[in-house]
Amino acid sequence: MKSGVLIHPGLLEMLASSGHTDELLVCDAGYPVPAGVPTVQLAYRPGHAPFLDVLAVIVGTIHIERASIASEADTDLGIAIDDVLGLTADRIEHSSLKRRARSCRGAIRTGEYTRYANVILTVGVAF
Amino acid sequence: MKSGVLIHPGLLEMLASSGHTDELLVCDAGYPVPAGVPTVQLAYRPGHAPFLDVLAVIVGTIHIERASIASEADTDLGIAIDDVLGLTADRIEHSSLKRRARSCRGAIRTGEYTRYANVILTVGVAF
Amino acid sequence: MKSGVLIHPGLLEMLASSGHTDELLVCDAGYPVPAGVPTVQLAYRPGHAPFLDVLAVIVGTIHIERASIASEADTDLGIAIDDVLGLTADRIEHSSLKRRARSCRGAIRTGEYTRYANVILTVGVAF
Amino acid sequence: MKSGVLIHPGLLEMLASSGHTDELLVCDAGYPVPAGVPTVQLAYRPGHAPFLDVLAVIVGTIHIERASIASEADTDLGIAIDDVLGLTADRIEHSSLKRRARSCRGAIRTGEYTRYANVILTVGVAF
Amino acid sequence: MKSGVLIHPGLLEMLASSGHTDELLVCDAGYPVPAGVPTVQLAYRPGHAPFLDVLAVIVGTIHIERASIASEADTDLGIAIDDVLGLTADRIEHSSLKRRARSCRGAIRTGEYTRYANVILTVGVAF
Amino acid sequence: MKSGVLIHPGLLEMLASSGHTDELLVCDAGYPVPAGVPTVQLAYRPGHAPFLDVLAVIVGTIHIERASIASEADTDLGIAIDDVLGLTADRIEHSSLKRRARSCRGAIRTGEYTRYANVILTVGVAF
Amino acid sequence: MKSGVLIHPGLLEMLASSGHTDELLVCDAGYPVPAGVPTVQLAYRPGHAPFLDVLAVIVGTIHIERASIASEADTDLGIAIDDVLGLTADRIEHSSLKRRARSCRGAIRTGEYTRYANVILTVGVAF
Amino acid sequence: MKSGVLIHPGLLEMLASSGHTDELLVCDAGYPVPAGVPTVQLAYRPGHAPFLDVLAVIVGTIHIERASIASEADTDLGIAIDDVLGLTADRIEHSSLKRRARSCRGAIRTGEYTRYANVILTVGVAF
Amino acid sequence: MKSGVLIHPGLLEMLASSGHTDELLVCDAGYPVPAGVPTVQLAYRPGHAPFLDVLAVIVGTIHIERASIASEADTDLGIAIDDVLGLTADRIEHSSLKRRARSCRGAIRTGEYTRYANVILTVGVAF
Amino acid sequence: MKSGVLIHPGLLEMLASSGHTDELLVCDAGYPVPAGVPTVQLAYRPGHAPFLDVLAVIVGTIHIERASIASEADTDLGIAIDDVLGLTADRIEHSSLKRRARSCRGAIRTGEYTRYANVILTVGVAF
């Protein structure tokens, strides 16, 4: 079986297909993922898979050069996200985030039950 | 969004499509799910989603009339599974379990990193 | 088999895939469901499955934060819908309802033979 | 919209595709429909769509020359089925019925919550 | 086998999927059915299946509230169509008819070899 | 548009894909076409498209070196078939015909309402 | 096997699906067939299948009411095309031809290695 | 555009997917290609694409280590095939050839109108 | 097996499907290939398959009439690309290159880990 | 973009889908991959991608508990494979290896041009 931090076949396929400046949405269980955006479903019960846990796995697998979260998010949530990312995410209006989500290359739906636990990752480059 | 204990679209679809005596496999991250068996992927990192946690969600959603686990499983694991199931699972040889898995209606792959953390559920009936 | 109030595999999958602010159409047997909108077919004979009965099952399964019905609907029908929903649906022109139906995430076609027995549900959030 | 007693697109397509001696399964909500048999899902909540109601619609739409039910079925259920069919169904063992179900051309799953509310219809011919 | 006036699986499925105000095109063998419009092929040789015969079967199966034919059609053809429909079809320019055909829900191509033997049916409602 | 005696896209594709010794079933409206055999649906109402008419079109389009009909068929029907074919079809038991139908390359279902109006054509070669 | 001048299953299907005023592109081996236009591939080696030979087969199978070629084409090629068509093709700019090719119903790619050996056929009607 | 002797996208894909000991069928226009064997259609009119011409293109593109033809083939045809292949094909009974054709990796159907113009190529290796 | 310089089935199919003026993108491992553009994946580890090596194989297989690279590319990289191409690529802004990439007929993703190792090839013609 | 030693989306998906005792084939460019076995194509030109290089990437990504190579392989090749694997592969007859390849979960085709450069990996477990 596969070794390493990420072992989900579909999520691996999605991440390895993305390139520099592509955007990926990692979202809470209530986010309205736009029709047509390929989605990896990790939500199975309220709160699980947890948002920050899934985010950490993704951060450990791809290069990220920028991230955006809703300015409406709770301050602690924002700090926790920055902490996992290892960078400071842009704070943008939730309505802008939703607009940009429509052209994301993929979405990862977690089971998080926390308002505004959504982030758009801008994929970075390894070289 | 959907209320209740189970919020995964594909797992709900799989469970609601099963009938009396159909069999479902819930397995650890290393189980070789037979080709051709529809699979819900919940494994995303070592240990997560945890086997007993996923099993509890399934137990809370469908009727189960029998269950089978490998006799090779650790005693504590067997007790924990029985506890979540609310019934005593049959202990059968792992090789029998693998044979029966081939004709399961569906498989749910968790991220569990524990040997023999696999169970075949025989679906029960509500009336 | 699955326990609980809703046992239709495809309808469960549709409801669990929807998120906050997504819209779902529940309609009578004569409604022209727009091409391209995924549809769960529950109509099998005139009047069955009944609109209010199906609506009640959906209301028991998802969070709803708003609903819209045609102002042309019979007063009693409107009251009955509000009663099942547990909230007062917006009354909008049937022509507006038809326009919004085009971007619904899904449609559930009942067998109801009552004029204007249609409602657009705006999905709510559990947290 | 279509007139007449049957208004379900998929069920009409299934019935019109069947020919003389083809077999169709109409079953309760708990029946384990064999993988690979095309299925029309009419079950949406416990008891609905009701078995006898759906059966009556099918009887009103196709020619049937024989029917088989489980001898384990309750006597009253058997009489009610015969009554809807307008003929006396064969009583066969439930295990035989399950074997034959595997080669049915199609299955119609109702929401019935009654044990042995299953019938295999042998399609008749109009000329 | 299915009883009644219409026994084509695909045509039954198309008709039962249509709703109030949806439009359906019934056309001659030479009509350029727009790409993307689902089509039931009934043309097999010049003149067969005949346009008026197919139209009569459709009229006997669905509710129709309006119909449109090309004003360029022969007077006798128009009368014959009205006669089968049991209503007077609108006469519109052939070019308008072709424009509207692009958004039809479905097309039924007959084998008719008569100029302007085309009609757009606006589906009616049973209640 | 295509000229000539046969104008059905799917039937042309089926006939042109067949080769020497392949078998094709042309059948009445009640024949139970085996699952998995590609089928061209020409049946739209009782009696139409007529069996002999469709057969004549096929005979005019492909080379046929042998044909088989059920010995149970009415004598006049057999003569009429031979007449259209331009050769004397083998008379075999209906049960043999049904067995061979399972491995036919394709089936053409007409709307014929006449018992045993079925023929298996063995495709011939042009050189 | 099929008799007659055209024996390619896919090309027959394409031609029989076209109607009056539909356009079809027959092109040389180097033509950039627009993405999304269904294509029959007849090119297998430089020069083969030859453009005029394929064109003759198509001309013998469908009704054509107009044709357009690039005015940049060699005079002899234009005359040869007219000769096969039995009509005088319109001479239009190659850039116009490429624009119209985007909305063709189908394309037939030959193996021709001659510049501007492309024609857009406007399908005619048999009645 | 692609340079070289073979310019057919599907045939290139088929040939490059084959490996040592895989078998490919190149056949005349009347050969009954077994259902399920992927087929490249090069037949468009009687005699074209010609068998030996297509064979030569394939021989120029892949390594072949053995070939088999029907012993019933005309002596001159056999010599011509050997000549194109650059090796002496095995002569086997046509019935054996048909049996082996069922497990071929692919088939290339030419338009050849010559009896027994069929060859099974056993793919060779470049190293 | 296939002989010659290019042995990838999917890449051969893509190249042989392209025509004069079609554009193909050959890119480094980090390039964000636009959704909807068919892609051949050759990247398997950092640096491999190498960009110039893959480019050389493509250059040896198709006619190219023009090429474009980012003016931001390292001078040595540009020279190396020109050298492999046998022509001088246009230097355009990376942002223009990305815009044009959206309408490319196909993309070949190499494993190159070098900035701006991307080229858009404009397909040429053999005659 | 994805970090780490393996960056091919399809290969990652295949490896992460495999479980304990599943078998994977890594093969040279001439191996006849059995029809029906999902295949990742890495061969693009003779010798590339190289077998040992691809094998090393796979070894760095999954757990392997056993491996089998053909006893007919060159001694040096066998040693090199063992070296990359970090274990001693079983030597079995090439004919056995080919038999087992038919039930492999997946195949990775390299561009290697060396005889018997094939290995069947038996997937191991991480816990």
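Per-chain residue numbering starts at 1, and chain names A, B, C, D, E, F, G, H, I and J are given in the order in which the chains are listed.
Criterion: a contact is a pair of C-beta atoms (placed from the backbone, for glycine too) under 8 Å apart; a residue touches a chain by one contact, two chains touch by 3 or more.
All values derive from a computational prediction rather than experimental measurement.
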Chain pair, I-J or F-H, that carries the greater number of C-beta contacts: I-J
Pair from F-G, B-J or I-J with over half of its contact pairs in common with C-E: B-J
Centroid spacing, where centroids are CA-atom means, of subunit A and subunit B in whole angstrom: 28
For subunit E paired with subunit I, centre-to-centre distance based on mean C-alpha positions, whole Å: 50
Gap in Å, rounded to a whole number, between the CA centres of subunit I and subunit B: 47
Multi-partner residues of subunit E (at least 2 other chains): 1, 7-10, 17-20, 29-30, 46, 123, 125-126
Of subunit F, residues touching subunit H in the complex: 17-22, 105, 123, 125-127
Contacting residues of subunit F [partner subunit D, same complex]: 28-33, 35, 46, 113-115
Residue ranges of subunit G touching subunit H (in the complex, touch as defined): 1, 5-11, 29-30, 41-46, 48-49, 53-54, 57, 111
Residues of subunit H defined as touching subunit I within the complex: 1-4, 6-10, 12-20, 61-63, 123-126
